Amino acid sequence: MEQLKQQVFAANMDLPRYGLVTFTWGNVSAIDRARGRVAIKPSGVAYETLTADDIVVVDLDGNVLEGRYRPSSDTATHLALYRQYPDIGGVVHTHSTHATAWAQAGLAIPALGTTHADYFLGDIPCTRPLSEGEVQGDYEHNTGKVIIETLGDAQPLHTPGAVVWQHGPFAWGKDAHEAVHNAVVMEEVARMAWLARGINPQLKPIDSWLMEKHFSRKHGPNAYYGQREK
Amino acid sequence: MEQLKQQVFAANMDLPRYGLVTFTWGNVSAIDRARGRVAIKPSGVAYETLTADDIVVVDLDGNVLEGRYRPSSDTATHLALYRQYPDIGGVVHTHSTHATAWAQAGLAIPALGTTHADYFLGDIPCTRPLSEGEVQGDYEHNTGKVIIETLGDAQPLHTPGAVVWQHGPFAWGKDAHEAVHNAVVMEEVARMAWLARGINPQLKPIDSWLMEKHFSRKHGPNAYYGQREK
Amino acid sequence: MEQLKQQVFAANMDLPRYGLVTFTWGNVSAIDRARGRVAIKPSGVAYETLTADDIVVVDLDGNVLEGRYRPSSDTATHLALYRQYPDIGGVVHTHSTHATAWAQAGLAIPALGTTHADYFLGDIPCTRPLSEGEVQGDYEHNTGKVIIETLGDAQPLHTPGAVVWQHGPFAWGKDAHEAVHNAVVMEEVARMAWLARGINPQLKPIDSWLMEKHFSRKHGPNAYYGQREK
Amino acid sequence: MEQLKQQVFAANMDLPRYGLVTFTWGNVSAIDRARGRVAIKPSGVAYETLTADDIVVVDLDGNVLEGRYRPSSDTATHLALYRQYPDIGGVVHTHSTHATAWAQAGLAIPALGTTHADYFLGDIPCTRPLSEGEVQGDYEHNTGKVIIETLGDAQPLHTPGAVVWQHGPFAWGKDAHEAVHNAVVMEEVARMAWLARGINPQLKPIDSWLMEKHFSRKHGPNAYYGQREK
């Protein structure tokens, strides 16, 4: 459990390092599937003073098992994603500038180039608005539900992120480190897509064969990017 | 009084730290309500050399009580806000890039997402233009008056900032630290709103229930973001 | 002369510090009016290795009097400005991003707010294109001449900068330090003007009384910004 | 060979220094023409841990001769360029933000000012899309071929870069250091061109005499920018 807390601490500290957060506007969690335990950032604690010891441990129903702080206010969203997607091991939420701008615009981040296709096999979808009842009810849980509804049949590790309507990005991955990696990618492709559409409002989506080529260079059995384990 | 000067010094030094100022284009003050004393940055003194000892103390009429420097040329604007709003304890003025762009555009910064709603319950208003007489008369005092006129019936801690027509942002809070915090938020939501409107010129304002949900997550008796005092 | 070289060195080193240059794309000079000597950056020498000793001294005809390097390739532009305007003591040229974008757009940087008016009493003008003959002839000298033609009757210290058509910004001031200060302002107001017009394409120029008020707060006999000499 | 590896290592480390890469999204190579050896970054190795010893050496057919890692997945593109252009000594590929945005927009980066003309004698071209067959076949080799097809009769050192359709920039130069220098220029002129067209959608391309003047100030027998070898 200490190792999981340490990983979650390190992944949280990557958020300010990559410029994804202002103040405390972000949180990362990871899950230990064997024990059904989720480690997550405490709510509202500054990155400047955060330690691995401050990380909170909850079960999949949100009961706090370890830690002197209250967990992130977004914990219920993280838990909904873990319960739905057995393949994911880490979740991250930020208000990173350009991805949040697409969320505020209410639009999917379109797949416009190979930078995007190296990580996301298709657009990064935007959720529908939550209804008044969904907001006033179990808001954070419903945020998780609407992300799941939006993904539909998509493989979560082929679409490792979404933007929530008028809110901001969530990303995930096989562990906390990869989730943050995908959040950095989302912010950068959100910025590139904004720029590219500004340069050419009639621009075309990426050719499907180019998208599949790039995604499979980095993912799946035929990946040939990077180094193989020896 | 030394403690107030120290707080005002620290809050001023946060302006370059958060990238809100070029040269000396910004100033922060705080008030000691019990004694009716306001501590404020001296005019035109560089942040690189500023010390807590350089902070100037004035009364609510602007008379200098302490300090070897002249106070900020915007002192009269700060004092007008303190006299009108008994709940505020700190005021900040900057020329931060994106908030100033909205001021130059003569438009309120629209509430387009939850990042905005976490701190501002509605648009961040833009003042009307000052008349020729108001500019040539007691200009800085009149700047305070037009901010107050623009806020109207709004609760100042629910709308903790405004942009002044063709000029730039003012923000405030319960103390100097919170005022600077709100100035950082204004700059970031100003940037996000510019981006989001660039992506989708027909974008919709945030749903009212989502705005109220987010504002009340962080403010008021039912706030559940962050840690409670024990 | 060593003092002048030291000032010019320090002012040149401020260009990378304020983010105004990529590689060696900038140069600052200053003049000793009594002796008719101009100290200027050597051409193409990297800021990382530049020393005060590398600064070149020329006379007003461009003859090198001191220094082991060749002076900036833009020296003739600097000299034309010094000969025309007896009040200026420092000149700077950069390719800073946003000011250069206005130069490439072939448009004056419009006076849209008080940030601009604190330093420039009106628009920052853009020169006409140089003719084929002017480019193929004494190009750098002709660049100085077209700046002077563009300023016309304007007071050079009230319009301490211009953008050269399809090229980039030149700025000046009473000494090298103030020239760089004005170059930083040009870049920032160029960025704000681009943003403000993006937000509101119909935006209005700054009210004349507000422009004059702000310029005279910082300049002239009635200035009241900053600290007075005692 | 150690010297070449050291140069390639240093040039690769300049990519994060100049802000051209996120994660491992970039690679630099250099060629020893006498021996027909190319040194290149290993695939997917983080810049934070990269050493000169990690650089891989291949021959012009892509056979690995030295190094414990696999070479960059883009090696075949580099090799195609070296085989075609005997004058170039270094090649670089990045996903730098603004140059990639032009690639995604499917447009050449237009020559709009002297900053551009100092390094590129004309537009920075964008390739045509690769066909499905070209992507599914020898993709990286075909990427090199389409760059060569796009350059056509242009002198590669007069057009030291191109953007690949929906992908990103490649740049080159007489050695690895100059290739990276040109990649920095591409990113900056891509940003300036985006800004300038945003300010003035009707803006004109740079006057031909001004382009030739600036290119020849820095290149060729009559160059007079910088210091001459003594």
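Chains here go by letter, A, B, C and D, matching the order in which they are written, and residues are numbered from 1 within each.
Throughout what follows, contacts are C-beta pairs under 8 Å (C-beta built on N, C-alpha and C of every residue); 3 or more make two chains touch, one makes a residue touch a chain.
Because the structure is predicted, anything quoted here is derived from the model rather than measured.
Novice: By mean C-alpha position, what chain is farthest away from chain B?
Specialist: It is D.
Novice: Could you please state the distance in Å, as a whole number, between where the Cα atoms of chain C are centred and where those of chain D are centred?
Specialist: From the centre of chain C to the centre of chain D is 32 Å.
Novice: Using mean C-alpha positions as chain centres, tell me how far chain B is from chain D in Å, no decimals.
Specialist: From the centre of chain B to the centre of chain D is 46 Å.
Novice: Quick one: which residues in chain C touch 2 or more of the other chains?
Specialist: 197-198
Novice: With chains as vertices and touches as edges, which is it: line, ring, star, complete or other?
Specialist: Here the contact pattern is a ring, one closed loop where every chain has two partners.
Novice: Mind listing the chain C positions that touch chain B in their complex?
Specialist: 112-115, 181, 184-185, 188, 191-193, 195-200, 203-204, 206-207, 209-210, 213, 217, 224-228
Novice: Using the touch rule from the top, collect the residues of chain C that touch chain D in their complex.
Specialist: It is residues 22-25, 42-45, 69-70, 73, 95, 97-98, 100-107, 129-130, 132, 135-136, 139, 166-168, 194, 197-198 of chain C that touch chain D.
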